[in-house]
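Each chain gets a letter, A, B and C, in the order it is written, and its residues are counted from 1.
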Amino acid sequence: MTFDITAAVNIMGLAAVAVFAVSGALDAARQKMDILGFMLIGTATGVGGGTLRDVLLGKMPVFWIREPIWIVICLTASAITYFIAPRLASRTRALIWMDAVGLALFSVVGTKVALDFGVSPLIAICMGVMSASFGGIARDVLCGSNLTLMNEELYITTTLAGAIVYLVLRQLDVGSNYDLIGGFLVAFILRALAILFNIKLPNAYRNS
Amino acid sequence: MTFDITAAVNIMGLAAVAVFAVSGALDAARQKMDILGFMLIGTATGVGGGTLRDVLLGKMPVFWIREPIWIVICLTASAITYFIAPRLASRTRALIWMDAVGLALFSVVGTKVALDFGVSPLIAICMGVMSASFGGIARDVLCGSNLTLMNEELYITTTLAGAIVYLVLRQLDVGSNYDLIGGFLVAFILRALAILFNIKLPNAYRNS
Amino acid sequence: MTFDITAAVNIMGLAAVAVFAVSGALDAARQKMDILGFMLIGTATGVGGGTLRDVLLGKMPVFWIREPIWIVICLTASAITYFIAPRLASRTRALIWMDAVGLALFSVVGTKVALDFGVSPLIAICMGVMSASFGGIARDVLCGSNLTLMNEELYITTTLAGAIVYLVLRQLDVGSNYDLIGGFLVAFILRALAILFNIKLPNAYRNS
């Protein structure tokens, strides 16, 4: 129940939640919502993945009820986005990059929380992928957008890579949070390259 | 676990669930569903918000499994709506007003349940807003409609106002359920005025 | 917590999860997703209904965290579908029939699990209908498809029939899993006839 702001997993978690909240708020901007709409969509996007993770594991009340700091982060990030978004050259571009950072952070943090809970490695990877994807799914459903995870450049691949790299580094016991940072870097660089160079998995269906 | 039908919070809760079920059934009417479709959508809309609230708080089994009366209310209200809806001059208009009543009721009931559970005021307000909005979100997603909470006249503002007014009145200890009634009235009147006079929050994005 | 692979309810459950996973993967094929997309949508469709059931009942961690075999089944079925789907004459037709088998299986399995948990018959039927419908709802929302449960031939009716027939046979104590098989057969035959002969419930709204 105690919240250690200096722990790497919490710093990365707070950053993940904040950037996902910003991505949600940017989607609210595309829908021309008012400031409360920004805060609702931003908060749902920011805490959505972790909430699903806690519910599936049975860690209730969910994390942001136990530690309201998470909600404060989301509300603040969304409200700031409301005032900054009009100055952005491309809100869609900003949304994609915020989403990419959050995705990479969540894939390692989600996997770590599940492993610490005592689940098997296979389930931990599934939880990492799910908790990283679900915030964006909630955002897209609430905004009526096309789902970002579909037809996207290495989107699910990114979360899978982050989860697996973290898991392997953790088993190797590299220590002192290098496992978290390593998983994040691999996932983020993979997604960044995919966005910049439009890389996709080979797919027998795309041209059919 | 005992259910006191004379308690104000339960009367308001039953009314909220019933009018939300009717709003869900009216949306099913727009989609030309059969009577079982009415009952499924109506029930999901009616109990959706409270179910999310219970799951997030960890109050399981959720309320309608503990007290099946809630499901009976939803099924009955939805089935009656199936036979009455064809006689309505405007189903969309009826849906909006049913939704407004449910929204105002849920915003105070959801906040009260969360406060009684022992969460902080900030989280209680979030739970009030979420539980009031989620039934409508479930309805709109299930029916493939545009989300009512988007671009709408003071929709989220209404739930926030209901939750805050209830919270303040409760802190002031006005007693004997005046806090619940006060929160409901402020929320409902605000939303009614917004619907009637098309009032919206100032929004830098609307004309951009 | 122990998993008895020879129990009829587990055999039927595994079959239900597998065919729902295939139906999800076939929807991913229509959306031209890559193999990881197939596995994500297939798994969400396969375990979605049972996950909702466990969460509402408060049986956490949910079943596939307790018994990872369910996830292995979904991932395998989805991956196999990725390679088989291009050879199918009609993916939409295959999806509808896989969905029909899963629907009939889930309606009895969901009702049984809820009854074994100790809920009332009314709630058990609701849980059967919900757990049978929710996998398909998750699939359709994730794929951006129209909801299969809407405007469909006896879709909700099927789940209701399966749940009620199972409940009655169980009360009659026909024994040795004949109740599960009876419920499944009634539900599947009803849905099959509805698909083949385009049978729908009488509906006052359809022609209005």
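Just so it is clear, a residue touches a chain if its C-beta (ideal position, glycine included) is under 8 Å from a C-beta of that chain, and two chains touch if they have at least 3 such contacts.
Every value quoted in this text rests on a predicted model; they were computed, and no experiment measured them.
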Graph class of chain-chain contacts, one of line, ring, star, complete, other: complete
Numbering shared by both copies at the subunit C-subunit A contact, with half separating same from different: different
Whole-Å separation of chain centres (CA-atom averages), subunit A against subunit C: 29
Where subunit C touches two or more other chains, by residue: 55, 60, 141
List of subunit B residues in touch with subunit C within their complex: 29, 31-37, 40, 43, 51, 55, 60-62, 64-65, 68, 71-72, 82, 85-86, 141-144
Residue ranges of subunit A touching subunit C (in the complex, touch as defined): 55-58, 60, 119-120, 122-123, 126, 129, 133, 137, 141, 146-147, 149-151, 156-157, 160, 200-206, 208
